[in-house]
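Next come the structures, one after another.
After this come two complexes, each holding chain A, first together with chain B and then together with chain C.
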Partner chain A sequence: MWGGVDGLTEPDKPVLEVEDLAVHYHGAGTTFRVVDGASLRLRREEILGLAGESGCGKSTMVEGILRLVQAPGEIPSGRVLFHPRTGPAVDILRLGAEEVRRLRWTALAYVPQGSMNSLNPVARIADQLTDAMTAHGVPTDKITLSRLGSLLASVGLSPDLLSAYPHQLSGGMRQRVLIANSLALGPDVVIADEPTTGLDVNAQRMVLETLLRARREHHSALLFVSHDLAVHAELVDRVAVMYAGQVVELGEVEEIFSTALHPYTIGLLASMPRMEGPRKRLFGIPGLAPSPANWPVGCRFHPRCPFAFDRCRSESPVSREDASGHLVACHLYEPTESKRLDAMRARLTLDGGRFGTRLQDHPV
Partner chain B sequence: MSGALLETRSLSRVFWQRRLGRPVQVRAVSDVNLTLGSSGGEVLSVVGESGSGKSTLARLILGLDRPSAGNVFYRGEDVARFVGAKRRQFRREVQAVFQDPYAIFNPFYTVDRVLAQPLRRFHLASSLHEAQQRMEDSLRAVDLRPRDVLGRYPHQLSGGERQRVMLARLHLLRPQLVIADEPVSMIDAALRTMFLNILLDFRDAGMSCLFITHNLETSYYLGGNALVLYQGRVVERAPIDRILHAPKHPYTQMLVSSIPVPDPKKRWKTSLPESAIESGETVGSAGCPFLVRCPYAMEVCRRQDPPMMSVGDGQEAACFLLADRGGVRGSMAPMCKAEESG
Partner chain C sequence: MERRGAVPHAPQESQLADSVPNTALRAARIVRRRRVLMVVVRRLGGYVLSIWAAFTVTFIFFHLIPGSPIDAYAQQMENQFGQQVPLSSQVIAFWNKEFGLNGNVFEQYYRYLTNTLLRGNMGPSFIAFPEPASELIFHALPWTVGLFGSAVLISWIMGLVAGLLLAWFKDTVVAPTLTTLALAGAQIPYYLAALGLVFLFAFILLWLPQQGAYAASLTPHFDFRFIGSVLKHSILPGCSLVITSFLGWAISTRALVVSIMGEDFLLYAEAKGLRTGTILRHYVLRNAMLPQITGLGISLGFAVNGAYLVSYIFNYPGIGLLLVNALTQLDYNVLEGIVLISIVTVLTANLLLDLCLPLVDPRIE
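Then we have the complex of A and B:
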């Protein structure tokens, strides 16, 4: 395993640490604080899922990490520490443009959202893979057909496809070509933004299996962005849940699905249709997601939270971590609020996990 | 004439494409028969992957496209022949909900228009005051505050709010039948739940729904019957519970086994064979459409189109494996989740 290279073999050793990252956009006389104090830590060779509803800042956070934010956007604060396999950690946000360019693809690879539709329609797959490699400094004589072929093989595609054009491939196959492309230079981290969205279930399953295989064969860590919790359950080791530009909960995937802590996560899980057990009515999270131009004061989830109390309306909760490393940012988990926490748990048990209520019943 | 609310008979739609300079026939919808009963409150899901002909089927039923063969009957009358008042009544009673919450608004008008226009057109309110009242009631029913929405332009609303306005429109019109084409695939979990609950409420009040989706979890939630479409053909039909828990057609089995289950303790233990997604060339006029991807293809599947075969409990599938009973169920085991975990 790679951990042995510099003698450090702690399994929890981070490869990427995001601390208090903010990404703001300016326009129409307003500042949109799309990502606003988000933190997470990606461990070497782990698959970390980033979940949350659309508009919560998942994609923007990824762009911030990769320094892809362009005007009128800016990164006013935060740190993104990358730990190479050897040598000291670097803060990506403090690097010069050329240094960032050199890190991309070799250390941090990116599969953007919807990119399976961005392959060049008039170039063969082999040429497109070659282009990306030469652009990142691989000498042409080092790019052999057998190297490209084994790259495709590592994502479960036949090397015969090297001579194919994108239109000859299905959506799932194109997505796997892009994953192969991102793995070409053996990056420490792959960031994939909604790679299965818009795919049919079979193709989606194939892409998820490809990502697992990529981790196994290339030893890359993966930051996997998806709004679909069921997909996280199938793939990731840990999940980070984002709400209103912040990470509100982070924990082992089994723990998130068995004992989610944050009321928002509980609500998300309660609104998933399940195909096992008795069919029961689901209850969504009441209200609408807030706007990044005007986040609610205090806890940003409080206007939609059925368990909110006075403190939530004025004071933002700080993220706290329990012994097993499960993080949550919610006032209910502060020692002084244990009675309220018990009350919430009792209410959830009473309702059989039913969360919230419909604000209005509408008999027809 | 039967008493069905909606019925299609041998409905087909053929498109002509030019491939390598030669015209090629593409059967988007092929010989589809479906029925929604006249008693109301029925849900029928049409399930299939992209390219299976789901959306073409929706367009044919809505009268937005003409069938190449076969007919669509609404309350026993051919939809293609509707004109004038009949057509207007059909437009009022049968409402469509589409996937994209962004494309349905005209950016030049305030969102009031999508609510006010049907009220005016179908004479649903006797006064301006009543119209306003009904619009506000419907907005509140979908968790929107009328003052946040009325008088605004589409770009001033978030995606979630826009989709809710479309739901409010449904609430306002209370149609007899909703044709929902992938209505929840672009919205978030919380709103999706609300949307499905509204459909359930309307169903309980007698509205029927043709629910077109690639997402089997949501059709399970709605209940009712389902039919599985593959390359424009119905390959299996059954109550949705049977489709999910005892699928008979190899294609349905493959679909069901690939649904991600929201439980990290029940992950896939085997990988999907590559042939499962290889989109093979369409088979000629004879033969099973699933032939290329089917792990059990037999000689007879090449020669003959499998007919629908009943397996009891209101379930039928078009597969020769069912002709001699058995066979399919046990041998598909490695791909089926339920059997893995056991």
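Then we have the complex of A and C:
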């Protein structure tokens, strides 16, 4: 959508590859397989959106990628390959503690979700910008007041705030401080977890523009996590849709919005009101999101999927990629099931491209 | 720009550097300074008011004690000499005047306030008459402050470090066991620890002196032998205080640190790739220390009047021993003096704490 960025060297070369990542939590006598075999590939300098409803494992996946999972959580399997600009790829999950520490912030920066409590309440903003720089070997005389000030200015904040404490800042200002901080070392990848959630539209626009500028100026790739599809449509190049701890569909943002493949994505889009076009009744996906303690056998979406058939209940679908690089994990797209796929398409056409439960009290 | 050493993508840097201490900030600083001054004045006013109230309550309580201390004194003399010693009215009037008991209650109250508050004069001691009670107290005070003050400080620092370690390594095998042991150890009363230590080191092993503040053969002099003796004599009473209270500090620090370790800003600090030392010092300790500083202030306030039993067990010439002696011999003026000193130290510690906390915690205005 924002293609044609200057200095885009090898656009399809991945900078981060997540393969079969699993993050499990142990508690109450069971294992919560919050993320369970999720894969995605972040290309250099692209903005990849990670979408999905609450509780599908988006934030946990981010923590897994950054190796920030805290006990009682663990990462039982998976690989997170980081490709530096020079040199061979490294698996972040297999690195030693000191190697991971050095990789953080210079290679992988993080904009956390809980912006209200992510800053140290007893340290000045300047100190919290500085400590990451010194920890990664920026000499003290290179960290000037003007450098810190321009960092804040780049997210539209006054340099006066350098001497402020977090409690003196509003939520939107703190969020922007976190973003400014993540760009301090020009990282290869910025992983932003719901950076616009809870902000008013003005602050949202500011955040999005800052993230876009980060790519322009630092050539950073961005993994942008949000449950808000409208924000994805606004910002990202490609979208990965997560359901029940797995990535079920991944494709160019226009393709996802025009011709979504996975029934879940279709349902998700049907539940989103549109500003343009004729007024249509909104639909909700029937049923409830499953529990990570007990994922459904087979395809995890099958209990809620109106197109499910026998195979979906027993066999989990494998992700397959079409010629344009659009990935989907659904049995309907296997060559042998083309008749069922045609049936689904026919039914969707009849229903105006939508399925599911009509939402009540929504006038047409 | 070149002079400063150019930073990429910051073309407006000189302008930014100049704008930091701008006029709006300066104005805000002046307003803030005025507000701080107001707070200090208000706190000081409250301090003086509480001292006055506490002194008045003390006065009332001591006057509520049934009977006159002079009568009790006469009674004591009679018992001592086993015969009737009729005290003449002049003698009684003399003693009453000497102890500030002449005139009506308001006159006495006025004299009491001016004497104690303004002159620091608490009247003569009964036991050590005519030595002023204040003299006795100020002789005992340095011993108490020295021993108990340093014991509180040492146990606070040790507890902070131990609690930090217990929390940081909470997922290891050893830490939970140590925590349980500390929890049990913190419940041991300090006087029991004192008795145990005396028994072991002073009676069985004979390593350390069992009582006193310095060897009886020495006279207080500022030389190495005397100081060495003082230090040697302070080991057992000091340890009995440190051992139990440091465990208490460790337990509370551990709880604080564990809750801080669950905070978002700690995860963020880790994500930034900070070194463990930086995280511990700037993120964990700075946040855990704030409530503990409040606790330290309160403990230091009580250091003067706390732990009488340790003072008694070790026959340590501090306030504790003086208080026990004054209690058993009904030395009213000394008792009153100790009560007043305790009040003043607790209130002063609280005042200093109130005024200092905003310096360490930016959230407190």
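Before moving on, here are some points about what is shown:
Just so it is clear, the second predicted complex is superposed on the first by the 321 of 364 C-alpha atoms of A that agree within 3 Å, B and C clash if a C-alpha of one lies under 4 Å from a C-alpha of the other, contacts with A are read in each partner's own complex, and residues count from 1 in each chain.
Methods note: a contact is a pair of C-beta atoms (placed from the backbone, for glycine too) under 8 Å apart; a residue touches a chain by one contact, two chains touch by 3 or more.
Since the model is a prediction, treat every value here as computed from it, not as a measurement.
When both complexes are overlaid on chain A, the residue A:A233 reaches chain B alone and has no touch with chain C.
In the superposition on chain A, contact of A:A203 is made with chain B only, not with chain C. Of the two partner chains placed around the shared chain by superposition, chain B is the only one that A:S271 touches, whereas chain C remains out of contact.
Once the two complexes are overlaid on the shared chain, A:P112 sits against chain C while remaining clear of chain B. When the two structures are aligned on the shared chain, A:G149 is found in touch with chain C, with no touch to chain B.
By the document's definition of touching, neither partner reaches A:E17: not chain B, not chain C.
Contacts of A:E337 after superposition: neither chain B nor chain C is touched.
When the shared chain is aligned, no partner comes close enough to touch A:E74: not chain B, not chain C. In the complex of the two chains, the chain C residues touching chain A come out as 4-5, 7, 9-10, 12-14, 16-17, 19-20, 22, 24-25, 171, 263-265, 267-275, 278, 282-283, 286-287, 290, 360-363. Residues of chain A touching chain B in their complex: 53-55, 156, 170-173, 200-206, 208-209, 227-231, 233-234, 253-254, 257, 267-269, 271-276, 279, 281-289, 291, 358-360, 362-364.
Listing the residues of chain B that touch chain A in their complex gives 49-50, 140-141, 143, 158-161, 171, 174, 188-194, 196-198, 200-202, 204-205, 207, 214, 216-218, 220-221, 223, 244, 254-255, 258-265, 267-268, 271-272, 274, 276-279.
By the touch rule above, chain A contacts chain C in their complex via residues 66, 68, 70-71, 100-106, 109-110, 112, 114, 116-124, 127, 131-132, 135-136, 142, 144-147, 149-150, 153-154, 159-160, 162-163, 165, 167, 178, 181, 217.
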